[in-house]
Structures are given as structure tokens and as C-alpha cells.
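Look for chain A in each of the two complexes below; its partner is chain B in the first and chain C in the second.
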Partner chain A sequence: MHIHRFEKIWIGLSLFLIAVCTGIVIYGFVALDLKVPGIADSGTIDPMNLAETEFAQPGVRKVGENEYEVYMVARQFLFLPGTGRPLTLPAGAEVTFHVTSPDVLHGIHVSGTNLNTMVIPGQVATFKTVFPEARTYGMICHEYCGPAHHTMEGLIEIVPPSEFDETTLLTSR
Partner chain B sequence: MTFVDNYPKATRVVKASFIVAFIALAIGGLFGTIQALHRTNIFRGFVSSVEYYTVLTGHGVLLALVFTTFFIVGLYQWGVSRSLDREPENMRFTWSWFWIMTIGTVLTTIAIVGGLVPGSSISAAVLYTFYPPLQGHPLFYIGAALLIIGSWMAGADWFRSYLVWRKDHPDDKIPLLTYMTLFTMLLWYICTIGVALEVVVLLIPWSLGFVTNIDPLLPRTLFWFFGHAVVYFWLLPAYFVWYTILPKLSGGRLFSDSLARVAFLLFLLLSTPIGYHHQYADPGISIGFKFWALVGTLIILLPSLMTAFTVISSMEHGARQRGGKGYFAWMGALPWNDPAFVGVALAGIMFAAGGFSGMINASLNINMLVHNTAWVPGHFHLTVGTATALTFMAITYWILPQLTGRTLKYKKLALAQPYTWFLGMTLMSNALHRAGLAGIPRRTAEPEYAGFAFEAPFGTIAEMKWQIAIGGVILFVSLVMFLAVIVRSWVGGERVPNPVDDYIPPPLSGSEHSPAILDNMKLWVGLAIILVLFAYTFPLAEMVMDGLFSPGAPPSPV
Partner chain C sequence: MATPQESNAPTDAPAAEAVMSEERSDIVREISLEEFTPSGTLAVTGAYFLLLLVLYALMYFVEFAGNGPSIIN
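For the complex of A and B:
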């Protein structure tokens, strides 16, 4: 098989490009802590029986000095918490989200950020983040979930740690 | 003497396939323009925001599944008959695949369009990805299964022709057009196993009510087992045109026969195992497997980059044959007045742009910025919506005269059509990409929210809306131009013995230089299956082990 010299150079450059892209992703993973959802430690759950899981009472729990966990249920056509009343969190805290759905597929995208995950009945989407500054973020459902999909939205309100009202927290674990 | 005179029987089935393809293109394109106007809130009078999802289902199914598949079977039948110099072996069998595909299409379309008929109990606003627990009418799934089964039979038909040809040509290399057809179909057989299992084992029994609950992740994973490779099923027929016909249209010949074969077999090997890259944002799939999909996805850039090289160098060769000179000035010597050439060349340029946004999509963690935003339709309207669709439209200007024995009419309109498509798509696609960066989601009737507004990193939201809407209308105009040319030429072209120059010159480096191993289908299929097993066995086993239908969620009819 005859390969033209220019084509050999081209293939070499292509392989280099592929290596660079892989490198960028790994760098993002390791150095910048840019992660994607994976398998949750809790494994699968029964979407028809969320009452018997951590999701029975959606809301925010404090788990450490400056660490919080959010248990969120996304369902046709709202986020609990988030829709109606904003999900409120202190700036600078380490927040772990756990999200699931009792009905159909949904998605969450916190607009303007890379907080983006699918929400799948039976699975728990888990992701960690820090919201550095006090401001309000919009949150939308980005996977078609039925006739009123386009109304499914919520808000995340990040407040200065001093103004964070701890009485809104859930206590039970 | 042209194709219709040599292969009158094959011609009829090619024409029939093209007719279905173009009807789907017309309806699907109309739906697309309605979406572009509705989403941007420029005009919301065609449908309600609830019906929007029925329209969107129609758009995805009719264009991405029906238009593509029917055009492809027509194009490949043309390629196989021509390169093996054979009519189909048994016309009854040939017509039976055509009709099974067509009946399937009609059933699925009825299920979808039922959603627009007031008072109808039939609907299937499940979108073309039909993720359960959203549940459509059973006809939707049954029709989809028939469409796939018919396409399998079409592939079997071509393999049969090939085997008969092989008896008379024991030592020849597989003719390139047939090689590309068979390798595309091998890829298709492997990847459609996923969607066939999904539809037949899980969704049809469930939509008929034999089981109530369904595990959403398993069918979604089976869908994407199919869903990435399907993009190569759309793309490889465009590559078939770019490798074998475009060099001729440019006035030259293909650079290298063997590298064309290498590109196709790389696609066969790599397309299916990387389906997870559509599930980067899914919980329930381990990051390790996502990583493997990332690497595979980036490697599959290689055959596309190789294609870019061959296409450009073949065009340059053609241009120089036509008297072109200089480093870049040779481009001016290309036949910019030939609608088929112009359409295919513009499709190739847009594909390069689509390739760049695709690299962002592929990059696992960077993808989280754009996953399920308008960026994604921005991307694939450059790839399937232009690289594939515009190539198909343009090459019709060259193939149709071979099927009808009549010349092309409205040549000026035909020449303007690809430029118009290019313009409309430039407007719509760049704005969709940027809207995605602003966080505006895809698949939504009303991307306006009560509680907050999107902030655009590049440009303004208002300007993007107008570009999407105007681009969508221009695309529709381009589509009408295409249909006008085709209908007029089909019925009104002049009958002449040689309505188009259909000779394809041999490659500069021909199949005599291509190593025999490239033609060893058993070897490549075996390797492809091993790679698929490697990628999918473990995750699928994990999902199936806790029960086929559990963790189960109840159906949600739409």
C-alpha cells in the first residue's frame, strides 16, 4: 500500500491532535477537578418508593463544618427544592448534590455553569461543587419530560455565609 | 446509455426509495422551520407549545431516521448494481424490503401525527430517541422495528449480489462502491442489535401493556449502543460520495483506493463501542467506561481527518487537471457552476466546522458546558443536517438523470440551492451554538423562564433568536428550490441517451495496490465484535442483573 508523504504527515498531525485532546480532558479531571457523574455509592434505588429513601424529605443537610448535602427530587414538572422557593446555600461551602426522579428522565443545568447532569429514575446523580460568590442562579430541566417540560425551572440562591439561615436545614439523617 | 438503460429493475427501486426520502425531507423540513420560529418566539401560531413536541418528534424521525435511511438504500442500490454490474438477484425480495420499510414508516408517522389531530387517541410525542418511561402508541415502536428490519433485508440483498459476483470474480478486489456499501451495512448490523433488542424485547411488550414498569437506564443505554454508530450510518454514504464521485465532479480522480478502504474499516471497528459518549452526563454509568468512550471517540477522528485529506487532495488534483495553478488559486478552477459539485463541496466545508464543535462534545468534562443545550442541534445540523443532507440533495442532481434518462431542468435554481442552504445553515447553526453556550436548552418549546434570564457570552440573545428564525426560513426556501428542481426534472427533463456524464475514472492509486487484508470482512467483523463486547458486556450485565425491568418506573403516556 502506497501512502503519499503528505498524507503521512497529515496522519501524524491527526494523531498528535487526538493526543492533545485526551491530555486536555485528563488535565481537567486531575488538575481542575472537572468531573462528570458516575455510579453513585448508594447504587440504584426504587423510583416507586422514594418514601423509604433519603429522598423522602428533599432538602439541605449540614454534614460538616462547611459541608452540605442537597437531596433533590426532579419530577414532572418541578425541582424539590428549587421550584417555587429557591434552594438556598451559603457561598464558599462544599455542596454535594444527590438528585433522582420518581417518574421520567429529567436533566439539570445550572445556567452559565458546568453543573449539568441527567436525572434518571432508579439512579442517583451525585456531584460536588462550591458556589464561590453570593448570587442567584437559574436552574432548568434540559431533558424533555412531557408536555409542560418548558415550564420546569428553579432557582439556586447563594447567600453570604453570615446570612445563611440554618433553621431551613433538615436535621434527620 | 446510462444507469436506467443498463439496470432498469434496480432503477425502479432506487427511484421509489428516493421518492419516500424526499417526501420525508419535505415534511420534516417544514416541521424544522416551525420549530425555528416557535422556539425563538418569532411566531407561535402554527402549533401550541404542547404540540411542539409532536412536531419535534416528527422532525427527528422523518429526517434523521426516514429521509436518511431511504436515501441511503437508494444510493447504495445504485452503487452495488453499477459496480458489480448486476441487477438485484430477485426482484420480489428487493421489493419486499422496500415495502416493509415503507409500511414501517407509515405506521410510525401515523402514531406521531395522530398527536396533531384533535380528539385522536393516537400519539407518540416521545422524540426520535423515545426514552422510556415516556410512552408512545405501540404503532410507533412497531413501525420503527419494521423500518430497521427492512433495512437489514436491503443489506442482505447486496451481500447476496456480492456473493454471486464473487463466484465469477474469485481473485478480484471488491469494487470500491460495493466495498463501502458492505462495510456500512456491517456496521449497521452490529449497531442495530442494540436498538432492535430495546424495541422488540423491552418497548413493544411494555407499550402493549404486557409489563407495566420499565428500567429507564437499560433501554437508554441500548439506544446509544445504536445511537452513535447511526451517525456513521448517515455519514458513510456521504463519504461514499466524497471518495468516489466528488473527485470526478472536480475533474480529477480519487487519490488512493486503499486509504478509502482503511477509513471505512476503521469506522466499522470504532463506531459502536463509543456509544457511551452520549451518556457522559448519566448517573449509573461508571466514569471508567466514559473514559474509554472518550478515547475511542477521539481516535475515530482519524478516519474523518484522513477523509478530509483525500477529499481536498482529490479536488486539488481535479482543479490542476482543469488548469488550476498556485497554492490556493487552484480552487478557482473548480467547477463552481455545477450544482452537484457545489453542493457536495459546501457540505464538506460545513462538515469541517461541525467536526470542531464535535471535538468539544467529545471532550468528556468540557461537554458538561454544552450537554443538552442548543449547541447540540447547532452541531448536528452541520453534520447530518448538512454534511449528509446537502450531499444527498446535491448528488441527486447528478444521479437523477441516470435514473430517469432525462436532463436536469432549472439548472440555475439548482445551482443557487446549495448556496442558499449554506447561508441558512450558517445563520441557524452559529446562533444555536452560541445559544447553547448561554445555557439555552435544546428540545424545548419555550426557552424563556419566569425566574431568570440567560446571559450570552458571545453576542446577544435577541440577535441569536433572529438568526435562528431567519436561517430556518432560508433553509425552508432552499428545500422548496430543491424539490422544484427534482420534480420538474423528473417529469419534464429532455430524454437523451446520455443525460449526464456518469463515467467514474479509476483512482490514481488503484485497488491493485490495496492489500488483500483490507477486504477480509470476517477479520474486521470479528475485531469489531470483540471491541463491542469489551465496551458493553460489563455495564449491560450490571443493568440486567437486577432484573430486566427493574428498578422499574411507571409509564408516562405522551
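For the complex of A and C:
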């Protein structure tokens, strides 16, 4: 089949564009360390019975020198911890969030950041991040979860490591 | 009014041929496919393509990657 040379040029450019888009995403994943939320390796949990899981006591646990784990329950219509009293974390620490729901589908988006995941009953959404500076972030539920969905919000307070009160940490698992 | 059956391709074929024949008086010059060079179209497409690349880079590297903290694992 005969193809006009101009058409060859823009067929080439389209293929180049696909390569560029794919390349940038791979570059972001590998070099910029931009990952996506995952689900826990341990499989599913029973959403009707969170009392028998590590979510029985939602909160922050220290798991390493500068590493923390947050166990958070998103339920109609609050984040625990986060709503009412802010979730407090030290700046610069590696923080792994584990979020689950005992009732319906929720979402969590830390406003002004790329931290965003769905929260599905029976599954544990997991992601790791570092908050570099001491400031307060708002978080909202972004999956419609019921009549008061629009009020479902919370706060994350990032404090300088020297001011972080370790007595608020949970000890047991 | 012709019914759909009457206006089928076989009856239209001679007319379509006539359009392309030398009998058409409004054809000034015939050129081959390779001689047809729509440079303006190429320029506009090229400019749009460059804009697309620049905007994609801005969106990804500034609005997304620069919007930290991000999920790192």
C-alpha cells in the first residue's frame, strides 16, 4: 500500500507520542518513586468483625526508628483517627497507612497531595508516604457513602519530630 | 424519487466514473499523490503536537509529581 510521506510523518509522531506517555509513566514509577496504593498481602478481612483485627484499636504504631504505621477506620461518617481529634504524625517519618471500612465504600483524599485511595469494606488499602514539613492537612471522603457523606472529613497534623508526643502511640497489636 | 433499490451502486457507477474522467472541465491541473504537499496542515498538526507534548509534561511533572507528598510504596 502506498502511503503519502506526510502521512508517514504523522503516523510516526503518533507512535512517538504513545512511547513518550508510556516512558514518562515508567520514569515516574521508577525514578520519581510515584507509586499507587495497594491492598494488604494478608488478603481480605471480615468487615463485620473488625474487633478481631488490628483495626480493633485504630491509631498510630511505631514500627521502626523513624517508621510508623497508621491503622485507620473509615466509617459513616468519620475517619478514626482523624475526625474530631487530628491524626498526629512526625514530619520526615516513613508512614504506612492501612485503611479499611466496616460499612460501605469510602474514599480518602489528603487534600492538596497525591495521597488518595478508595476504602473498600473487607479490604485493607495500604500506602506509604513521607510528610516532609510540619503543617496541617485536611482529608475528605471522596466516595459517596450516605446522606452525611459531605460532612465526612478529618485532619492530619504533622508536627516537628521533637514535638511529637510518643505517649499517644498504640503499643499492642 | 428513486427508491433505495434503484439508486444502488451498479447504476451509480458510470456517473462516478465520469466525475474522475477528463471530461470534467473544472480540473485545472492533475497531480499525483506524492506531489500533493499540504504544508500548512503539516505545520498546524506539528504545532498542535508540540503543544500537546509541552502540556503533558507540565501536567505530569508540575501538577502531579510536584503535588507531594505522594505515595511512595
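Assume the second predicted complex is superposed on the first by the 168 of 173 C-alpha atoms of A that agree within 3 Å, B and C clash if a C-alpha of one lies under 4 Å from a C-alpha of the other, contacts with A are read in each partner's own complex, and residues count from 1 in each chain.
In this text, a residue touches a chain if its C-beta (ideal position, glycine included) is under 8 Å from a C-beta of that chain, and two chains touch if they have at least 3 such contacts.
Everything quoted here is computed from the prediction, not taken from an experiment.
K.L.:
In the overlay, answer first, second, both or neither for which of chain B and chain C A:149 touches.
P.N.:
In the superposed model, A:149 contacts chain B only, not chain C.
K.L.:
Taking the superposition on A as described, I'd like to know which of chain B and chain C A:4 touches: first, second, both or neither.
P.N.:
In the superposition, A:4 touches chain B and chain C alike.
K.L.:
For A:114 in the superposed arrangement: first (chain B), second (chain C), both or neither?
P.N.:
Both partners.
K.L.:
Look at A:122 in the shared chain and tell me whether it touches chain B only, chain C only, both, or neither; answer first, second, both or neither.
P.N.:
first
K.L.:
If you stack the two complexes on chain A, which partner ends up touching A:74: first (chain B), second (chain C), both, or neither?
P.N.:
Neither chain B nor chain C is touched by A:74.
K.L.:
Does chain B (first) or chain C (second) touch A:93, or do both, or does neither?
P.N.:
neither
K.L.:
Considering only the touch criterion stated at the top, classify A:136 as touching first (chain B), second (chain C), both, or neither.
P.N.:
First partner only, chain B.
K.L.:
In the superposed arrangement, does A:35 touch chain B (first), chain C (second), both or neither?
P.N.:
both
K.L.:
Report the partner of chain A that touches more of its residues: chain B or chain C.
P.N.:
B
K.L.:
Just checking: does A:22 make contact with chain B only, chain C only, both, or neither of them? Give me first, second, both or neither.
P.N.:
Once the two structures are laid over each other on A, A:22 reaches chain B alone.
K.L.:
Give me the intersection of chain A's contacts with chain B and its contacts with chain C, in residue numbers.
P.N.:
2, 4, 6, 10, 17, 21, 24, 28, 34-37, 112, 114-115
K.L.:
Using the touch definition from the top, list the residues of chain A that touch chain B in their complex.
P.N.:
So the residues of chain A in touch with chain B come to 1-4, 6-7, 10-11, 14-15, 17-18, 21-22, 24-25, 28-29, 34-40, 44-48, 76, 101-105, 107, 109, 111-112, 114-126, 136-138, 140-151, 153-155.
K.L.:
Hey, which residues of chain C end up touching chain A in the complex?
P.N.:
Those residues of chain C that touch chain A are 33-34, 36-38, 41-42, 45, 49, 52-53, 56-57, 60, 64-65, 67-73.
K.L.:
Quick one: in the complex, what on chain B touches chain A?
P.N.:
Spelled out, the residues of chain B in touch with chain A are 49-50, 53, 125, 127, 131, 133-134, 213, 215-217, 220, 255-256, 258-259, 279-287, 290, 294-295, 298-299, 301-302, 305-306, 309-310, 313, 359, 362-369, 371-373, 438-439, 441-447, 449-455, 509, 513-515, 546, 550-554, 556, 558.
K.L.:
Mind pulling up the chain A residues that touch chain C in the complex?
P.N.:
2, 4-6, 9-10, 13, 17, 20-21, 24, 28, 32-37, 96, 110, 112-115, 127-132
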